[in-house]
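First chain A sits with chain B, and in the next complex the same chain sits with chain C.
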Partner chain A sequence: MRYVLRKVALFVLTVWAAVTLNFALPRLMPGSPVDAALSKLAATGQQITNAQRKAIEIQLGAPHGSLLGQYWDYLKNIAQLKFGRSYSFPTETVAHTIGKALPWTLVLVGATTIFAFIVGTVLGVYAGWRRGTRADSSVTIGATFFAGVPPFWLGLLLLYALAYKLNWFAIKGGYTPGLTPNLSLSFLSDAAQHSVLPALTLAITTLSGWVFGMRNNMINVLGEDYITFAEANGLRTRTIALLYTARNALLPNVTSFGLSLGAVVGGSVLVESVFSYPGLGNLLYIAVTNHDFPLMQALLLVICLSMLVAIFIVDLLYARLDPRVLR
Partner chain B sequence: MSMLTAVPPPTEAPGTRAEITISHGRSVPVPLLFLGRAFRTLWSNGKARIGLCIVGLFILVAIIAPLIAPHSPTATTFTPYSSPNGTNLFGTTGNGQDVFSQMLYGARVSLLVGLSAGLLATFVAVTIGLIAGYRPGPVDEVLSFITNLALVIPAIPLMIILAAYLPNRSVWTIVFVVAFTSWATGARVMRSQASTLRSREFVTSAVFSGERLGRVVFREILPNMTSLVASSFFSAATAAVMAEASLEFLGLGNPNTVSWGTILYYAQQQNALLTGQWVLVFAPGLAIAMLAVSFTLINFGVDALSNPRLREK
Partner chain C sequence: MALLSASGVNVVYQPSRGQRISAVRDVDLSLEQGEFVGLVGESGCGKSTLGFALTRMLRPPARLERGQIIFDGVDVSSLDGEELRRRRRNGFALVLQSGMNALNPVRTVGRHFGDILKAHAEPGEKHSAAAVRERGTELLGKVHLDPDVLSRFPHELSGGMRQRVSIALALSLEPQLIVFDEPTTALDVIVQGAVMQTIKELQREHKFTALLISHDLGVVLESTDRVLVMYAGRIVEDQPSRDLLTGPHHPYTEALLSCYGDPRADEVQLGEIPGSPPDLSLSEPGCPFTPRCPLAEEVCHTVDPPLTILGRGRAACHVRAPLVSVESGAAHVR
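Moving on, here comes the complex of A and B:
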């Protein structure tokens, strides 16, 4: 129980810190993001109402008013999901724009993480168990290479080879233009087909973390006395490898889930912009190229918060994997 | 990358310092002697040797780029969009620049950003990690919280937003942005190592002999963590090379810099893949990957130094 309480307290504290960082960032930056944002918004031809000006000032920093008052307004606005209007998408609120993109990224990142975790862990177990052999070297060298490959570059190459040259996949987007996103089977299969390349790119470039982590843990566990004892007892090799070594090596790898998730989320920003995938990453790219500060700030907050929630859930699940932490 | 050092390795024998003091009498300066020995030890590891060779090659190319580049990297004197040929080995950009010369000069920016952002991030990591590890209690709690916060905030989105806010974009902007977002992993490893070293006898005796705090931390504890420092340096350098390329690819760098990232940026802007100029995309990406891989390979050697279980038989 103490473990759970501590994790909850830490989660709340981290969320508060992330929200505060998001408040502080535009205020610490040189220049005036508010003026830039307002003039951009005016350039799209829409009327700037007082309410819009206020929303942008609350988010990016008002030239007048106390910092504490601004902070309070900012927290109130976030609680009501009021992020103002962006000028990349002037016809809808920022909350609405983000809400449409969020499911795409959640599915992409979620599926990729699970896939990379399974494949990476299996490869890591194999390489660690067969350490020093040719199989180990090929896995290690392959993983090293793909860890160094920029995700957007691999995306471009796959796009060129598999979509442009071989015509196996669609060139861009998350679904065939003209369709309206819904939950029908035909739409889902269309979306799945569009997601294969971005997901594959992300999975390949983030696989290595799991491989290295698992291989190192395997080697460390193999040096433990209980493995020698198991060998001395004449247990079958496979039993030792899977039940004695891999099982214990898996635990530390789960705790590094947060770090790996960060890599996937970061990679998704780059990969989504290459594939024009309709998720948060592509939205961030659009926001940055348009200097759309309100949308940028809201996106950073949403990306951070979704990551914190995911890590929090894994922390809670970890207690089931390793009941020792509950004691 | 961080996975390489996720397991805190067993501490090195604190005998390393004594050897340095013995050899102090000779005319060779201590840091040089130390670097030479570190290099020799790394060289004995197969993977690290390949990494050192590749990095050495890149450094050589960066230094002698003006001598070996066939053309000026910025001159717009060639036929735009030409495919690889005798004059332009890798073809030309849409502005009529020679891509091969740009590739050679581009090594300078990637190395500069990688090494200096790596150094800066490691400096921050060492400072925060050592203080947090040596000062348990409120100082440690606060620093550890900041470190963990920096770890869970995804680096690339934060980097992109920082770079988008900063008005004058030079290579140094990218160095600072990258260093600011990639120190946390190192700091956490450093902290756990420093806190185990804190209770060792040689530290206790240094404290009892009346040495100042700074001396205990930097002269007694730090030398026993050299491999961790090196490993966090190479991890940060790898991250920096990738991050620099990513930011420039997204158009967040200085578009007038000649670097691998900007070659990719222009290639994408001019739809190089659709016009069949795949070399423009392939070459810079491969160079980035090679540099990042060589840093990682060196790190394998460093990891094997500190953790005997990972050593090659």
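Moving on, here comes the complex of A and C:
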């Protein structure tokens, strides 16, 4: 119980720190959105007048008042999910834009992360248990090959071969243009069809990490005395493989799994932009290329918070998996 | 009939790349029912490897190259897989050097007992939570631990308690032979004494055969009936413990004994053995102790002395236990 309270306190503290940093960082950066907009205008050859500057300041809601007052307003706005309006999608609020993109990323990247973790872990357990055999070498060599493949390149390759040449899948997007996202069966199957290639790309390129991690952990644990002792006591092979070796080898990987789940919300910028997938990764790409400060700030906050939540959950889960941390 | 008799046991470490090391060389030994035998020698002399070979726990790169191990009338050196696993009940158990780390850190002590009981349950034999608890309590009692240890995790126990738990786990197999591989090396002297005391009590009570592997001749002499001395992968001396202290045969045993001071002596003089043990990756002719031996003769450099009967034991030494030479027909008797 003390452990949980400590973790909760730590979580609250880090969330506050993240939110505050998100407030402070843009203010520490040289230049401002207003300057950026004005320089864009100047690049077109227009004369910049003071009135224009004033107009843009009002349009962008340039801060006025003391820093403390700004901070208070910022906290209030965040509590109400008011992140302002983005420059890239002027008709929507930032909260709305993010809300629309979030499910796409959660389902695509979330499902593939879980899938890759499970398959990679099972393969790693198998290879580690059979270390030094032909089965181990096949798994390890295969994983090494896929670890070397850059995700965007694999994405382009799949697009070219399966979508462009063979026409089995759509070239871009999360659904057929013209449809309105809803939860009907026909829409979901359309979306599933569109998600096959990005999911495949992500799963194949992230699988190897889990395979290697798990295989190495297995081999380390197999060298422990408690495995020797378990064998000397004649425990069943399956008990030793699963409850004594794999169970303990899994522990370090749980932490990495939590971190990658936290990173899901950040999406996969490269893969999502290759497939023009309507997720958060693609949105972040758009925000960066358009100097879209409100969108960027809100996205970074969301990514940061989801990472913290994931770490918090893993911490709590870890205490159940490994009694040693409760000390 | 001996409970265990091993003959011509040779163990090699053969890494896929690297040097082949023959760690145990032509060992013959037998352990009688209910006997408490010590196995001593310097680090790296092959004593633990021999203990692992006898309990069939060698793992690559180590392997039993040659030799036969007859346990309870069965040749266990050729057993494998499920057959070997089944043999571990009422058979041979092993208590490890670092008993501290012999427990799975994420399983409670009770679960460790459950795992063993379930692994060896006969069809129809019960292994309910209550049965495991009852058996666990009984076994922990034998090693002087409270039943509430059952619900604890290994990290919640002290080193001595953990070693007691691993002894209780080994006992749960009801073994006829327990090989203790340096059971007290990782413990401090006081706990060491208490754990050794428990081992002796258990051995007397349960009448199992025990092989105590240790580099500490003092601990071994105190508790065992018979001592085997190992040097460079060979057994060089085999004597009843009470004879060994007063009348060691092999010059190596003599040298080992001189490394211990008598605490009652007014002036303690500790000996040391000059030189170092031979490289076990080489196979040189002659007695392996020759370069360090004060008594070495001509023959010691060329002929490997066999383990020959001498007094109430055996020794492998040309000088102390000379063979009758066939050519001259005369023995070198001293």
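The criterion applied here is as follows: the second predicted complex is superposed on the first by the 261 of 327 C-alpha atoms of A that agree within 3 Å, B and C clash if a C-alpha of one lies under 4 Å from a C-alpha of the other, contacts with A are read in each partner's own complex, and residues count from 1 in each chain.
The rule is short, and it goes like this: contacts are C-beta pairs under 8 Å (C-beta built on N, C-alpha and C of every residue); 3 or more make two chains touch, one makes a residue touch a chain.
Not measured: the values here are computed from a predicted model.
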item: Partner chain in contact with A:259 - chain B first, chain C second, else both or neither; value: first
item: Touching partner for A:235 - first (chain B), second (chain C), both, neither; value: second
item: Which of chain B and chain C A:77 touches, first, second, both or neither; value: neither
item: First, second, both or neither for A:244, with chain B first and chain C second; value: second
item: First (chain B), second (chain C), both or neither touched by A:150; value: first
item: Contacts of A:276 with chain B and chain C, given as first, second, both or neither; value: neither
item: Contacts of A:225 with chain B and chain C, given as first, second, both or neither; value: second
item: Chain A: partner with more touched residues, chain B or chain C; value: B
item: Contacts of A:300 with chain B and chain C, given as first, second, both or neither; value: first
item: Contact residues of chain A, present in both the chain B and the chain C interface; value: 132
item: Residues on chain A engaged by chain B in the complex (per definition of touch); value: 13-14, 17-18, 21, 25-26, 29-31, 33, 132, 140, 144-145, 147-150, 152-154, 156-157, 159-160, 164, 208-210, 212-213, 216-217, 219-220, 222-223, 252, 256, 258-259, 262, 265-267, 269-270, 273, 284-285, 288-289, 291, 293, 296-297, 299-300, 303-304, 307-308, 311
item: Residues of chain B defined as touching chain A within the complex; value: 1-4, 6-7, 145, 148-149, 151-158, 160-162, 164-167, 185, 238, 242, 245-246, 249-252, 264, 268, 273-274, 278, 281-282, 285, 288-293, 295-297, 300, 303, 307, 309-310, 312-313
item: Complex contact set, residues of chain A against chain C; value: 132, 224-226, 228-237, 239, 243-244, 247-248, 251, 321-324, 327
item: Chain C - residues contacting chain A, complex; value: 55, 57, 59-60, 85-89, 93-94, 96, 98-99, 101-107, 115-116, 118-120, 153, 155, 166, 169-170, 172-173
